[in-house]
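So, here come the structures, one by one.
One chain, chain A, links the two complexes that follow: it is found with chain B in the first and with chain C in the second.
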Partner chain A sequence: MSILPQLIINSIIAGATYTLITLGFNLAYGTTKFLNAVHGSLAAVAGYIVFFLGRSFGLSIVPSAALGIFGASVLGVVIWRLVFRPLRHRGASPAVLFLSSLGVFTMIQAVLAILFTSQFQQLGNVGSPRYEFFGAVITKPQVIIILAGIFIFATLFILLNKTMFGKAVKAIADDEEVARIIGIQTDSVTTLVFAISSGIAGLAGILIGIDIGIQPTMGLWVFLEGAISAIVGGIGNIYGGVLGSFLLGFAENFGIWKISGAWKPAIAFGILIVFLTLRPKGIVRN
Partner chain B sequence: MNIIEAKNLTKHFDGVLAIDRLSFSVANGTITGIIGPNGSGKTTLTNILSGMIPKDNGMIIIDGVALERLKSYDARRYGIARTFQNVRVFEQMSVLDNLLVVVTERNVWGALFERHGEYHRARVLEVLERIGLRDKQTALARTLSYGQRKLLEIGRALLTDARVYLFDEPFAGLFPEMAKLIVTIIHELKADGKTVILIEHNMELIRELCDTVIVMDSGRLLAEGAPKNVLKKREVLEAYLGE
Partner chain C sequence: MDYIIHLLIFISIYAILAMSLNLLVGYTGLLSVTHAAFYGVGAYTTALLMKFAGFNFFIALAIGVVIALIASFLIGLVISKLSGDYYALGSLGFNIIVFTIFLNWQTLTRGPLGIPGIPRPELFGFTFSGNIAYLALSFAFAVLVYLACRFIIGSSFGRALKAIREDEEALKCFGYHTSVYKLVIFAIAAGFASVAGALYASYITFVDPTTFYLPESVLLLSMIILGGLSNLQGSVIGAAVLILLPEALRFVGFPDTIAAQLRLFVYGLLIVLLMLYRPQGIRGEYKL
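Right, the complex of A and B next:
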């Protein structure tokens, strides 16, 4: 039997996973213009909220996932208001904001390790249903990841293109100072953007947790894959982010066809270096 | 009645005095020109009046309200709209969206679920007609010519329904037809009882449009009064025209 259908399905699953991470990442980057490493740790936090609620209170996956997404969203807003917003008001550069996000990221990762140990944990049932599709196998959580990717992309598309909020977000992304002068409540809009992007990070973390499991250190992988997909696609552009995610998903999975899976990160960073050298503004130049 | 009063305004940049104890007033419903050589502090003054940069000392009184600190997001609340010497439109957005965003719901939660209605579109289309860009409404702002971008900026200011319009060199680099259009808009604003503050180097336009002219030099007030009187003063000619 050919391995090709499975490689294609795996690439699509990886692309959808990266899309989920990158959509939230790009939404926040577009308005705030800095690489936020905390995005990765919020995915881990949401995963651990689901794990904790399931283990301690026996809560089923749907309500605990809703609380996990809400928790990530609230934590994202709290960090925005307490750390990044004051720094931006003091004129901090994107580099300073990135370094501060690494600090918060490390702190969250350490707290998760202290509370839940560094052990790998599985969310949901490991023996989930499997479906065959043109000779390739796909699990129920993986189907949900693909559907969630499509749903979040469609929702953001409508939000950014059809609502007044979306126009305000685009105006802030373009020129925050002018947006402020014409009366857009830039602080409130940016806070809401952080709430939405953190919630999306939380959803990604939970779905990754159900599919492959959670660890306190997973945030780094989530952040790096999100950042690479975003940069390759065209940072700050949610459509570019989707293209970057699928390019990365296909390149990683086809790249390890004949070699060890341990080369996946090397492939991702190889693509990043190629893009930074030859097309630094990404696929969709903004 | 004065809509804007500035008392002893001072602003430094890294030890350089950009505005030096500047005091002046702008009467409601008038057109006031601000002139002065490059580096005289005109744009710094506009930036202070629109809340983009803080003053170091002094006082700004807007419509009788003394403001300790005017911030950029206060500008619209106090009825101040502005354009920029180096045009700043929302490059990635269409011409229509550049204007629709001005009439966006102020409540963020409301904006999250609301779309622009016919009322908003009608207002925007009226302004697009006024600035002569109705046929460009779907074009991305970054694809417009320099003059069209200036007009778009003015259209954006018009939609804020401000009481004071700060126009920073609106005629610079424009074709005569576009300049004529802006002259018409400024006359219309005055007829509507609005106040216009115009930073301009073209003395003919200052004479034609302005009720009052403020002359700045090295951040200080050099002269103030009707253009026909002020532009004849020897110190003004020396400082500004180099005569």
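Right, the complex of A and C next:
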């Protein structure tokens, strides 16, 4: 039996997961222009909210996932208001914002480890249904990841192209100063952008938690896979982000075909380095 | 008394790390999130050469520095072309790759088990086995690194670094190859970090991958920002404060695993608060 169909399926699942992460990441990057490590933390937070609600109150997955997404969204906005917005008002450089996000990231990871220990935890029921597909296996959570990726992509596409909100986001992405001058409420639009992007990060975290599991350190991987996909695709461009996500998904899964999966991080950064040297603006140039 | 000497040894080692990182972040304005990787390269090289090849500490240390220089040169070729948050992300990636190597090249590094039983240094038949002798050794290295950093900062090369920090584009217009300067200072900082790693490995006599991962790089950044960027004394102060602070947590009596996480929490919080309210730290002459 050939291993190829399974590799392709796994690559598509990884690509869809990274797409979910990158969509939210790019949305926020477009308006705020800095690499935000907290994006990954919010995925972990949402995962742990679901874990906590399920363990302590026996809440089923759908309502607890809704609360997890809401929690991530609220926390994202709070951090934006308390940390990033004041810094940006003072004209802080992207490096300072990135460093501060790394500080918040470290705090959240520590809190999660104190509250829930550093152990690996599984979300939802383990023995989920599996489907056969040209000799490859795919589980129900993985099908949901792919569907969620398509759904979020379509929703964002409509939101950005067919609504006033979308126009405002694009205007801020082009030039925040001018956008403010022509009367766009840049502050409330950016806050809303953070709420949406954090919510998407939360959704991604929960789905990863059901598919693979959660750990306090997962935030780092979510952030890095999101940032690498975004940079490879062309940062700030949501369509490029999707391309970057699938490129990363395929490269990682075909890369670990011959070598151990433990080297996945090295493959991801290898790709980042290749792009930073040869094509720093990514696949889709802005 | 022994406990105080132990803390002073740690402060010396971290002062070396903080001063060398300050060359990059404070003087050149490059946010490097990979210093722990070179610290680890020095520690692992010394550990392996001393334990399995019977090398003398000082030769192992020198070889560690050479390996750190080579590694930093290779990665520096890529990231020296970047700036700002991209530089930070690129360097962070290198920290993760090095950690992955420590963790997964099991035939060489024994992976997560780490390497125990690293011998203490020996010089002309004298073994630095006592803690006072070790303090003298690590303090001497810290002073040497301090003097070397002073020399670098005072030289024309150091002035060019500060100019890169203030306005890289302008300096390029004057015909300076700024990426060469950024590469050289990156390698120098890596070499010093590797010295600290050698001192750490031979003092603790044990190394494992987690010591040289991202949280350590974040800790080093909090140290130099707290002490103040672009100020060497500030780095020493920052290192001392952040080595002593967690000891207070220990006396409060938290269990070890929680104390470790609380420490990380404090480092993160410190970075956020400093960035928001006092980006120049205690004695900084520059803020990011």
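To be clear about the criterion, the second predicted complex is superposed on the first by the 286 of 286 C-alpha atoms of A that agree within 3 Å, B and C clash if a C-alpha of one lies under 4 Å from a C-alpha of the other, contacts with A are read in each partner's own complex, and residues count from 1 in each chain.
The rule is simple: a contact is a pair of C-beta atoms (placed from the backbone, for glycine too) under 8 Å apart; a residue touches a chain by one contact, two chains touch by 3 or more.
Just so you know, these numbers come straight off a predicted model, no measurement behind them.
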First (chain B), second (chain C), both or neither touched by A:207: neither
Which of chain B and chain C A:110 touches, first, second, both or neither: second
Chain B versus chain C as contact partner of A:260, first or second or both or neither: second
Partner chain in contact with A:232 - chain B first, chain C second, else both or neither: neither
Contacts of A:102 with chain B and chain C, given as first, second, both or neither: second
Partner chain(s) touched by A:184 [first = chain B, second = chain C, both, neither]: first
Contact breadth on chain A, by residue count: chain C or chain B: C
Contacts of A:83 with chain B and chain C, given as first, second, both or neither: second
Common interface positions of chain A, toward chain B and toward chain C: none
Residue numbers on chain A that touch chain B, as the complex places them: 159, 162-165, 167-168, 170-171, 173-175, 177-189, 192, 286
Chain A - residues contacting chain C, complex: 34-35, 83, 86-87, 92-100, 102-107, 109-111, 113-114, 117-118, 220, 224, 227, 231, 260, 262-263, 265-266, 269, 272-273, 276-277, 280
Chain B to chain A touching residues, read off their complex: 50-52, 72-73, 75-77, 81-82, 84, 88, 90-93, 97, 100-102, 104-106, 108, 110-116, 156, 160
Interface residues, chain C side, partner chain A - complex: 31, 33, 78-79, 81-82, 84-90, 93-94, 96-97, 100-101, 103-104, 214-215, 218, 221-222, 257-258, 261-262, 264-265, 267-272, 275-276, 279, 288
